[in-house]
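The structure appears right after this line, and notes come after that.
Chain nomenclature is as follows: A, B, C, D and E, assigned in order of appearance, with residue numbering initiated at 1 for each chain independently.
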Amino acid sequence: MTPERFFRQRRLRLSVVLLILIGIYVISMALVNFQAWASISKIPAGLMWLFTNFIPTSRSISYLGPILYQLWRTLLVAISSTMVASLFALVFAILGAKTTTPTPALRWGIRFGASLLRNIPVVAWAMILLFSFKQSDFTGFLALFFMTLGYLTRAFTETIEDLDAEKLQALQAVGANYFQCVFCGVLPEAASTLTSWVLYMIENNLRDATLVGLLTGTGVGFLFDYYFKAFRYDAAGLIVLLIAILVIVLELTSNRIRRAIA
Amino acid sequence: MLKVIQLDKTYGSNKHSLKAVNFTAKPGEVTAIIGPSGAGKTTILRSINQLIRDDSGQILLDDTDIRQANKSELRKIRHHIGMIFQNYNLISPLTALENVLHGRLGAKSTVAGMLGLYSPAEKQEALQLLDEVGLKEYAYQRCDQLSGGQQQRVGIARALMQHPKMILCDEPIASLDPKSTTIVMDILRRLAKEKQLIILINLHQVDIAMAYTDHIVGINSGAIVFEGATKDVDDAVLQAIYRQSEQPATVTANEN
Amino acid sequence: MLKVIQLDKTYGSNKHSLKAVNFTAKPGEVTAIIGPSGAGKTTILRSINQLIRDDSGQILLDDTDIRQANKSELRKIRHHIGMIFQNYNLISPLTALENVLHGRLGAKSTVAGMLGLYSPAEKQEALQLLDEVGLKEYAYQRCDQLSGGQQQRVGIARALMQHPKMILCDEPIASLDPKSTTIVMDILRRLAKEKQLIILINLHQVDIAMAYTDHIVGINSGAIVFEGATKDVDDAVLQAIYRQSEQPATVTANEN
Amino acid sequence: MIENSQPKPQVLHPSAPPTNRISLVTKPRKILRGVMLSLALITIYSLITLNTANLAISDALHSLGLNLNAMFLHPSIGQDTWSQLLRALLTSVSLAMLTTLLGALIAFFIALGAARNLAPSWLATSIKAVMAFIRAIPTILWVLIYSVVMGLGASAAVVGLTFHSVAYLVKAYSESIEETSADTIEALKASGVGFWPIVFQAILPSIIPALLSWTFIRFEINFANAVAVGAAAGADDIGYFLFMAGSFYFDFHEVGLIVYLLLGVAIVLELVSMRLRGHYLKQN
Amino acid sequence: QSGSDSSDKSKTITVVFYPNESAKSFAGSRTAIKKAVEKATGKTVKLQTTTDYNVAIQAIASGKAQVAYMGANGYIQAHHKSKDVVPFAAQSDAKGTLKDATYNSYLMVQQKDAKKYEENGKYSIKNVKGKKMSYVSNSSTSGFLVPTAEISREFNIKTSDQDKLTQSGQFFSKVLYGGSHQGSAVNLIKGDADVAAFDDADLMPYLKVTKGSWDKVGSTFTVKDNADAPFTSLTGKSVVNIAMMPVQQGPWVYNTKALSKDDQKKIATEFTSKSFAQNKQIFSEPNAKTPMMFPKKSDKSKLVKVTDKWYAPTHKLVGY
């Protein structure tokens, strides 16, 4: 092995990866008939269209009351579903992470289950839940709960797997048992990352309100849908704006919280 | 009494890290393991409390083979073995005090340990230990805000908190200044004598080994090349321990 | 010639880490900074190449004040300053060889640097340096698979790869065995002499400092307590350097 | 303040209060507990006030059982043909791949400006705010926007979905970058290495596992989004068949089959991502 | 993309369909229409299905699509966005005229509750206030727009207050959205809603008339014994329509800016021609197994010329 050969191999590997990526790009471009340059050149036009059509007007301000109320309801559902889901996800993640799993079989089971929850499409969720659980806040809560559970389980699992294994070994060496290692080592070490995931999922659930709107007939997702389909774009724009503001506020708060607990 | 018999360990498939390692460490004595970098010192220590599973051999602590222990037995055994790491391995977001208190985890019920419920006496003791290693003022500081040497001393206090029968130290003084080194080595030697502990230390500094230990195990390329009383170590022995192995065994360029 | 003049540094608001530090280090000499843990040795080194911004003072390298350099000037200056870290700070998923080659990045054009394009001569030199620190066989191994001592030596090779004017070493031998220590210190001393480099080393081991360095700076609680030729260091001086500071300044249990 | 055999300095004892009760609760922990407690209270409040529409749980579960049974135990192809479905599935996968690839590429560069350890904090904050705004705009709206300016079809779907990918990945990537050890970056900085070489030689290799896992998670989301809104732009993907089977013909059996197809893709993805991650994470 | 340049000279013509007409079973009809347009204009035609009303409407309004088949409400919206969107043909009634070119939207209640809405033998919607209401979705003409207009008329609700009808706890104690006509009907039959809005065309496969007829208020409809999901567990249940509102048939439209005058004329002529009405791929036989896009109620059924004027009633409903 000479350095030349080593670097040639490196470059070869890199080129293979790049070729595969370019191949994927070209093939999928051909398959869906995507025109890269024509599309990219239209991006500014799209943004212009967005800003000219979706600017809230003085008329839309009068809808502020109901919108704020629904935003509040949605926030509640987003928080509660995330919190409940994160409890379950934490348990599943600890049982399913490579470093902390009691048995590898469980690990596969949990990963598979989480993947299942994440990948059932919205239409299917609607069919599964709507016809059985009627249209209500509870149904919306259920849907968010399951989807959040899928994402958080995966996120938590990977967070735990990324921890420095040696630190956990230090606790093992003390004679701590499984649960003690988890509670005194894994959780404190991962706390700030896990918290930021929870806060992020709240934000995400707030935004992902389409499904909830469909399932509950309430919430800000429903309102958006209503105004959007009624071509009242100014009001729909107001909702987007309010969600954006709330999301940014949430993100700022979550950053502050993360820094405070770090 | 710790007896290591015919311990063998291979990492992956291409490298023999420990070859038929045999040695003994007695209570009341400080035993040093010395040898060149990469010789396998860390590997031996981690095998002793089974943090890494060795391939074959026996590790007898008071005549029970640690390698044969089942999970819960192993936990109990480990609780009696303090360990101090080369990279400290503290839980960084927690305070020094809490990290020291972790030394009690092995003695606690699952729930009490999980919730971090420590008795006032335990907290008092932890504080006392931090005081002993000179870190009283830093008890409530997060560990990742301490300097290397300070972190190492927290690790030592954690091990002491276990009331161990045996302490395994992986280069415990590598990042300590001479004064702290003296303190720590003094504490370790005193503990060995007073409480009849088995103390096993990986060391790079031969002078420290000569000054503070009773028994020396010399290792080179995974094989024991010397075992005996510290006073028997002379230049020839050191020469043998630190001699350059002709060709680093079967190590080949890893293509990964 | 490196001249540090009235260097002051405060971390946060509650602690004076460096107080009016003055010292000089000459080309061709190895200068050691010694002092107790937490004295501020690391802080001095990092101030010198401006990895931490000090509060006030002057740092003159060949009469240009590093503190006044703008961004691109600073980059150029830094390229001539090799640094070896207490925690190695290698890019762990990369091989030892690549980490050593990183020493050339500062001299490369942006594009060549981005893509990691090195000339055959550079690669050869990197391999040569790895050989010199005794790691030829490990050139293609991922750094996180090397032992502490091995990683440290990769770090040294990386610094040498820079063809530096000055090398800053933060406890470069803390995790090395005596043999490697000798090798490394010999290399450093030889480089200082042959290439007239300025070499500044933080050390804990006073004996090594006495044996290998020409000049010693003693620091305690952020203040210089001794500066002079190594031969002038006697027990009284050491006593002063490692003396217990009366009260750990204003440090209190930090609730943060 | 190392204690040793020398006469002990007097001042050492009194500074700390008489430590009969030693509290382990530090300020960050209080904040964490406060945050968790308030979130828990909000959760309880909203669970209590949740409108369940007088749901009869047993009926609901019974009907759920029937539906799940129809969907997952008796999937069927319905009125479509396998070749139609597979072709549409391929389109959806392609849509997801394109949007993920484009999104990842664009996001990586923007993320460099949004990472606090690389960029000035005003820039990082404003980029993050803009990204939060883009994320707040529903996917369907992006698709609508681009079908208006570009005409219906897959291109509109691709551009629309890419916007969200970029916004999401910028957040994810920049946080991964922020987590790379400052020390390793410093080591190169200390040798005078410039910004771009540091990015490609130090940061990129260190965060590849994180990037991979984020990109794969986004692939999954893009796939789901492609299914959900691709059909709206007339991209002729599997979402169209799902919409027809689900919202149009109420063919639970065919929905079940399509869900199985989607899950199949998801599982292949999961396996690939696990292997890649394992490859890059293997240290010991 | 065909529509990327929306000038008169565009070489391809994009025809966009509403979600309803995007149905898989109409694939044959769509192809036949494509062929007809190609034959008439000599240009390449691109069919574009969509699952979102807004997208279809925006596409024709912006001129990215040249021809569209839409619902009456959607047409009004598109016309409002761009005056260039002009109707040129709509489905006729059985006599081949525009006079009764409508289908029906209903407000239904369960048969057991029907009495509550009856006064002197006549059904009215006076009592729907405070009840649980089920719509189809807020973009539906027959399942939302027309029923809310009817209720607003009955209760004298101003246009600006019509949002009250759309949310729980205001005019209605509860408002549900079935997501589809079938879903709205299921809401009613299961008892989750007291009153439900849906149309005749979409429910014909599931319901049969047991008293009266599809065209009479107060008729009773019963779920067929062999009804498919989601009605499988609801067979035999009956509902009564307490109100019936005519809904105008949706138009074929073109965007006059995006399509040359010549092509407009050619397409309009072709669509309203006899041969078009006799295309079995487009107009289904009276008892055909798989329905085509347009039902052949009689021999005279065809597409007839319409103008914006004819849609005045729907203009009035929408408010512009």
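By definition in this document, a residue touches a chain if its C-beta (ideal position, glycine included) is under 8 Å from a C-beta of that chain, and two chains touch if they have at least 3 such contacts.
For reference, the UniProt names are A = Phosphonate ABC transporter, permease protein PhnE; B, C = Phosphonate ABC transporter ATP-binding protein; D = ABC transporter permease.
Please read all numbers here as calculations on a predicted model, not as lab measurements.
Engineer: Please give the intersection of the contact partners of chain D with those of chain E.
Structural biologist: Both-contact set = A.
Engineer: Using the contact definition given at the top, which chains are in touch with both chain C and chain E?
Structural biologist: A, D
Engineer: Using the touch definition up top, find the fewest steps from chain B to chain E.
Structural biologist: Minimum step count, chain B to chain E: 2.
Engineer: For the two copies chain B and chain C, what rotation in degrees overlays their C-alpha atoms? Round to the nearest 5.
Structural biologist: Superposing chain B on chain C takes a rotation of 180 degrees, nearest 5.
Engineer: Using the touch rule from the top, point out the two chains with the most contacting C-beta pairs.
Structural biologist: Ranked by C-beta contact count, first place goes to A-D.
Engineer: With chain centres taken as the means of their Cα atoms, state the distance from chain C to chain D in Å.
Structural biologist: Inter-chain centre distance comes to 41 Å.
Engineer: Starting from the mean Cα coordinates of chain A and chain B, work out the distance between those two points in Å.
Structural biologist: Here the centre of chain B sits 43 Å away from the centre of chain A.
Engineer: How big is the gap, in whole Å, between where the Cα atoms of chain A centre and where those of chain D centre?
Structural biologist: 4
Engineer: Taking each residue of chain C in turn, which ones touch at least two of the other chains?
Structural biologist: 36-37, 87, 139-140, 142, 145, 248, 252-253, 255-256, in rising order.
Engineer: Counting only residues that touch at least two other chains, what does the list for chain A look like?
Structural biologist: In chain A, the residues touching two or more other chains are 1, 6, 35, 38, 126, 131, 134-135, 191, 218, 228, 262.
Engineer: Of all the residues in chain D, which ones touch at least 2 other chains?
Structural biologist: Touching at least two other chains: 1-2, 4, 15-16, 26, 28, 53, 63, 140, 148-150, 153, 155, 239, 243, 247, 250, 252, 284.
Engineer: Going by the touch definition at the top, which pairs of chains touch each other?
Structural biologist: A-B, A-C, A-D, A-E, B-C, B-D, C-D, D-E
Engineer: Would you pull the chain C residues touching chain A in the complex into a rising list?
Structural biologist: Chain C reaches chain A through residues 95, 97, 118, 120, 123-124, 126-127, 139-140.
Engineer: Write out the stretch or stretches of chain A touching chain B in their complex.
Structural biologist: 1, 6, 9, 164, 166-167, 169-177, 179-180, 182-185, 188-189, 191-192, 262
Engineer: Can you list the residues on chain E that touch chain D in the complex?
Structural biologist: Touch residues, chain E against chain D: 1-4, 14, 16, 19, 22-25, 48-52, 54-55, 58-59, 62, 64-65, 174, 179-180, 182, 192, 228-230, 233.
Engineer: Flag every residue of chain A that touches chain C in the complex, lowest number first.
Structural biologist: 1, 3-4, 6-7
Engineer: What residues on chain B touch chain A, complex-wise?
Structural biologist: Residues 49, 51, 72, 75-83, 85, 87, 89-94, 102-103, 105-108, 110, 113-116, 155, 158, 162, 253, 255.
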